[in-house]
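Listed next: structures, encoded as structure tokens.
Look for subunit A in each of the two complexes below; its partner is subunit B in the first and subunit C in the second.
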Partner chain A sequence: MEVLIGIVQLLLIVILAPGVNAVIHKTKCLIRGQKGPSILQPYRDIYKLLNKRSVISDTASWISRFAPYIIFSVSVVAAAFIPVFSSKTLFHFSSDVIGFTYLMALGTLFLTLYGLDQGSAFGGLGSSREVTIAALAEPAMMIAIFTVCIMNGTSSISEIFTKLSVHPLQAFSVSSVFSLLALLMVAIAESARIPVDNPETHLELTMVHEAMILEASGRDLALIELGSLIKQAIFISFIASAIFPISGLLGFIWYLLKVFSIAILIGFIEISNAKLRFFRVPDFLAVAFTLSVISLIVHYLEV
Partner chain B sequence: MINLFVVGISAVLLGAALQLTLPKKASLKLNYLSTAFGSLLVLTSSFLMLLKGYSNTFSFFSPIPLLKVSFHFDSLSEFFTFVISLVALSSAIYSVGYVEELVEEKKNVKLFNLLYSFFFVSMILVVTAWNGFYFLIVWELMSVLSYMMVSFDYKNRENEFAGYLYILMTHLGTAFIVISFVLLFLKAGTFDFNSFEKLSLSPQYALIVALCALIGFGMKAGIVPFHIWLPYAHPVAPSNVSALMSGVMIKTAIYMLLRFYFSFLPNLGINFGIFILTLGTLSALIGITYSFMQKDLKRLLAYSSIENIGIIFMGLGLTIIFNATGHQTLRDFTLVGVLFHTVNHASFKGLLFLASGAVLKSCHTKNIEKLGGLIKKMPTTALLFLIGSMAICALPPFNGFMSEWIVYQSLLSTFKLNNETVRLLSPLFAAALAVTGGLALATFVKAFGISFLGNPRSKHSENAEEVDTFMKTGMWILALTCIIFGIFPGLIFKLTEGFTGYVPTDNLFHLTSLIDGKSSVSNAAVLTALLTVFTISYLLIKADRTVYETWDCGLNEYNPKAQYTATGFSQPIRRIFSLILKPVRRVDVRRKAFKYYTQQMKVEEEVTPIFEKYLYLPTALSITKTADFVRSKIHCGNINAYLFYIALTLIATLIYINVR
Partner chain C sequence: MEVKLAEFFIALAVFFSITIVASNRLFLGIKSYALQSLSIAAATTLIASIENISHLFVSALLMLIVKACIIPLLLFYVTKKLNIQRKIETNVTIFDSVIFCALIVVFSYFLVAKFNLSSRVLGFNVIPLSISVIIIGLFIMVTRRKAITQILGFLTLENGIFMAEIASTHGMPVFVELGIFMDVLIGVIIAGIFVYRMSETFNDIDTEKLTSFKE
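Then we have the complex of A and B:
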């Protein structure tokens, strides 16, 4: 039974992942006064790509051949850490939050190596920027995570969820608002969204994520994109699960509501901000860092 | 067990002696195979000793007063013997293939072989020494032997300078070690470590001893700001030696610090712990930032050693903090982390140095800018380098992750303490460790990605060839250790139980945190899950591909220079941290007759080593200046003045004798 709940939660995140992106995109389109593509469009894209052969560069090594699968696998395994409506995830026996962040870094490693593997100038450019952003986003994320861990006296994601869901209202404090804001900013940076990266353009001056996967096509592209979408969904679910979580069936509907609200919020953030110049990104992440430090200090003041 | 140990050491020494009689090629095989055999025996014996909890002291008296040649085996020295012989084993097998190059270069190979074997033995002697006086002798032996190997290629200016700097810094360190031993001797009356252990010193006295030991051994360990010799000495040494130096020699300093801080001076205060923790954090941050900036593969690894020593120091500081506040279980747990990261760093740094040596041997360059595309020319070396990189970036399922996780958990556990400073600072230290992790990822993406992936950037890497079986075997041993220690972390807990006293409740695969006993990590579970998803997706989604050229904006020429360079790769971080790194850029443009047509352009960017430029160089200059000034005043060339000095000395001596 526990395993079944775990599999359902995992599949939920995986299946929801393209949908979340579609909601963000739809929000942006609606605000712009456009009609926008259907919510199902990303699913159609991935389906179509999965049925296409991929073209691989003659410079590419086995890294390019395996990296799409590894990136996808890492995202799926990381998704198994995240509780949606029950703390019984597939990894509830060892769902350490630090282990979770380092697992995600494994995906980053292979994505950046993929960028360098074809010997194209764009790939190197994307990889270089990606590792820079990833490294600078780490401290904000780590302090925010530490604060949440200290608040709940545990570093297990499932335990945090259980503790929060017992007393959702009492458990929610001022300091968690700050840490969640910091996490949201980190999520924006990590999932290559405005103002850090623009997923809609292919301009070498600005692109980060797209530059790395410029050589990918067909099934490889589908796997990498699905991996990144799952990663984005994981971040959003992580934040959603920390806001008044409820267990059970009601929790499931509540979860969907929270995830889509965050997606709409991200859509608003995207539409109301311009993409930052690359060397302004550290400032953005510094704000996230400051927020997480505030959250830590506020927590110690509250106690 | 002890017999096995003695036989092992004798085999190494015997092999080193016998090889002198053989011709060059044969001498090489005999020496390294006997070293490998000997270190395998030492490895087995130390492993057995650790499991059985063997402990013994052997003392031999010598005619020199205070000097007592004593060997001691307890769980700490056995553990370090284990680490040293592990790296020595793989490095020795590797050397059979690697040192051939020296034969081709017509170097004195037999001398090198001798130095190498003696160096291994000297490190074992250091971690088993049980008398301060005798310790200093073997410590010095180790330093001098490694110095000789650093400057083995003494005709090369770079090696000469690196060796000089190394021996200078080491002796500065040894001076402080002597002071700390003498301070202990003044209270104990003998140089025996036994008597040091029984001392009960006043906190102030203990602090002075601890600081002297920190400077002395920190110099060897390469902790910031005493690290400046390390990025010069490790890259120029032959790679099999750099693996030993970076992998294990700097760990002997950690060994002695553990002895000092937990056996001789067990009552250090919490503030000293915070100091060590801060020093470790700084070291980790500075080490990895400079590491990312390097374009010399081996220098990059050397700077990364500074980072890892920093992480070990962070664990050390936390252990002292928990020790001072009386959290016994947390102290034991963190201490396991310190030892765990020590053995992990030895294995993956050893592996990376050996792999970079393989690159150096087949490409004749260690400049990353000239490499590229090696994954096709040297597939095994590439895979091994990737394994080492993943381990050093603390990515699951490798071993580096496990020890860094323990450090993170210890940092997190400080919220249970009553000390406000520690509670507030430790998340910031964790953030620093997280940046370190992120930059380590960046560094090794660069090191692996630029050197092994893409197209060859020069003739050097175009003509590269895979190395021979001996070298591959040596590297595989360490790569397997990285995987085994990552999947079975319980093994290290078992081996360190004697010293740390931490008895884990978990099985071999699992590590449970002490915060609430509920959060845990298991690399085995993660690996199984990854493999399952990978296999399913690989079977379901067929990977049939069309091979075509890389898109190069429609330009119809093959130009590997269009690829990203190592310098370019690290440019964003260099620019963001320009306040500390102070990058210097040189642009050299050659134009044709027309102003707007550039014929050739050369851009070089380098970072300023701030500690050398703003700390060491001014100090050194002012010392030589003062010395010059004093010398010119005293050495005036006037005979009357010299006669006056003699008279003065005579009077001073007479007064001294009278007073006594």
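Then we have the complex of A and C:
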């Protein structure tokens, strides 16, 4: 039964992932006064790509053949850590935050290797930018997640969920407000969204994520895209799980509500900000780092 | 519960003062200031309902009208009218000043621990957070070079003072509050005119250039 609940929660995040992205895109289109594609469009795209053969460049080594599968599976494994409506995730016996964050980093590593391996100039450029962003985002993410852990006295994501659903008011302490804001900023940076990277264009001067997967096609592209979408959904779900979690069926509806409101919020942030120059990205991530440090110290100082 | 919610909005105000520090474009800074005033207005409304002081609702409403709408619109107007280059110029790099903000917040927590006023104030976090808004405002005034950004710093500082005052005095007499609002509004108008005169005379609003005055 526990395993069944775990599998359902995992599948939920995987199935929801393209939908979350579609909601963000739809929000932006509606604000601009456009009709926008249907919410189901990313599902259709991925289905179409999955049925196509992939083409790999001549210079590519075994990394290019394996990387899409590794990126996808790492994201799915990380998704198995995240509680949706019950603390009984697939890895609830050891859902450790350090394992969780480094699974995500493994996905990033293989994505950057994939970009380098293709032998195209854009791939290397994208990889170098992605590594820069990831290296700057990591301290902010680690400190923010550790603060959430320290507040709840445990490093297991499932136990954090259990404790928070017993004491929901915890999510409103000042230090957790700061750490959630920091996590939101890191989520925007890591899932290549607007102030850091624009997911809608292929402009060679600015693209980061798109540059790395420029050579990918067919099934490989579908797997990499799905992996990135799941990663984004994981970040949003993690933030959602830290705000007033409820377990049970009601918790499921509440979870959907929270995830889609965060998606709409991200849409608003995207529409009201210009993309930053690449050398301004450290300033953006410095804000996230500052917020996470403030949250850590305020946790010890507030009574 | 309501105290926690008020603290949440004041934490948001600190966040928006950090985004003013981090913004490299004037419009982003002005928008952040409007959002900061909005969250302080929300916090004031909550404090008014906790303490049951009716005239604090008036302050919250004035906050909403004057500081979240009129002053930002005025600043937008001045910026557009003068064709000011919208880039913000700083003496300290933005990265360093953002990191410095963390030190400011920590410092104000330690400062408040010395005051020992927890018995009189609702919510432990309100006073240190408002003091950090005050110091961040001062920091903006000192490190930014353009007159408009210095006005933003002054307004941030004033927001912090307003917050600290509301939390520690349980609301001042209504005429004092009204006077403060008038002062700030008139101050911003005068500062706007001053900036206008400055750009007329020197074609620039960089305050560094004022030091090179010779008779």
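In the analysis below, the second predicted complex is superposed on the first by the 299 of 303 C-alpha atoms of A that agree within 3 Å, B and C clash if a C-alpha of one lies under 4 Å from a C-alpha of the other, contacts with A are read in each partner's own complex, and residues count from 1 in each chain.
Note that a residue touches a chain if its C-beta (ideal position, glycine included) is under 8 Å from a C-beta of that chain, and two chains touch if they have at least 3 such contacts.
Just so you know, these numbers come straight off a predicted model, no measurement behind them.
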Now for A:181: first (subunit B), second (subunit C), both, or neither, which partner does it touch? second
Go through the superposed model and pick first if A:297 touches only subunit B, second if only subunit C, both, or neither. both
For A:172, decide between first (touching subunit B), second (touching subunit C), both and neither. second
Which touches a greater number of subunit A residues, subunit B or subunit C? B
Mind working out whether A:65 is in touch with subunit B, subunit C, both or neither, as first, second, both or neither? first
Which of the two partners, first being subunit B and second being subunit C, lies in contact with A:206: first, second, both, or neither? neither
Please indicate which partner A:282 is in contact with in the superposed arrangement: first for subunit B, second for subunit C, both, or neither. both
Contacts of A:41 with subunit B and subunit C, given as first, second, both or neither: neither
Once the two structures are fitted together, what part of subunit A is touched by subunit B and by subunit C alike? 282, 289, 293, 297
Of subunit C, residues touching subunit A in the complex: 1, 4-5, 7-8, 10-12, 14-15, 18-19, 22, 24-25, 28, 31, 94-95, 98-99, 101-102, 105-106, 109-110, 113, 118, 124-125, 128-129
Subunit A - residues contacting subunit C, complex: 169, 172-174, 177-178, 181, 272-274, 280, 282-284, 286-287, 289-291, 293-294, 297-298, 301-303
Over in the complex, which subunit B residues touch subunit A? Could you list them? 372-373, 375-376, 382, 390, 393-396, 401, 404-405, 408-409, 411-412, 415, 420, 423-424, 427-428, 430-435, 437-439, 441-442, 444-446, 448-450, 453-455, 510, 513, 515-516, 518-522, 525-526, 529-530, 533-534, 537-538, 541-552, 560, 562-564, 568-573, 575-576
If we count contacts the way the header does, which residues on subunit A are in touch with subunit B in the complex? 50, 53-59, 61-63, 65, 69-70, 72-74, 76-77, 80, 90-91, 93-99, 102-103, 105-106, 108-109, 112-113, 115-121, 123-125, 127-129, 131-132, 134-143, 146-147, 149-150, 153-156, 159, 214-215, 218-220, 222-223, 278-279, 282, 289, 293, 296-297, 300
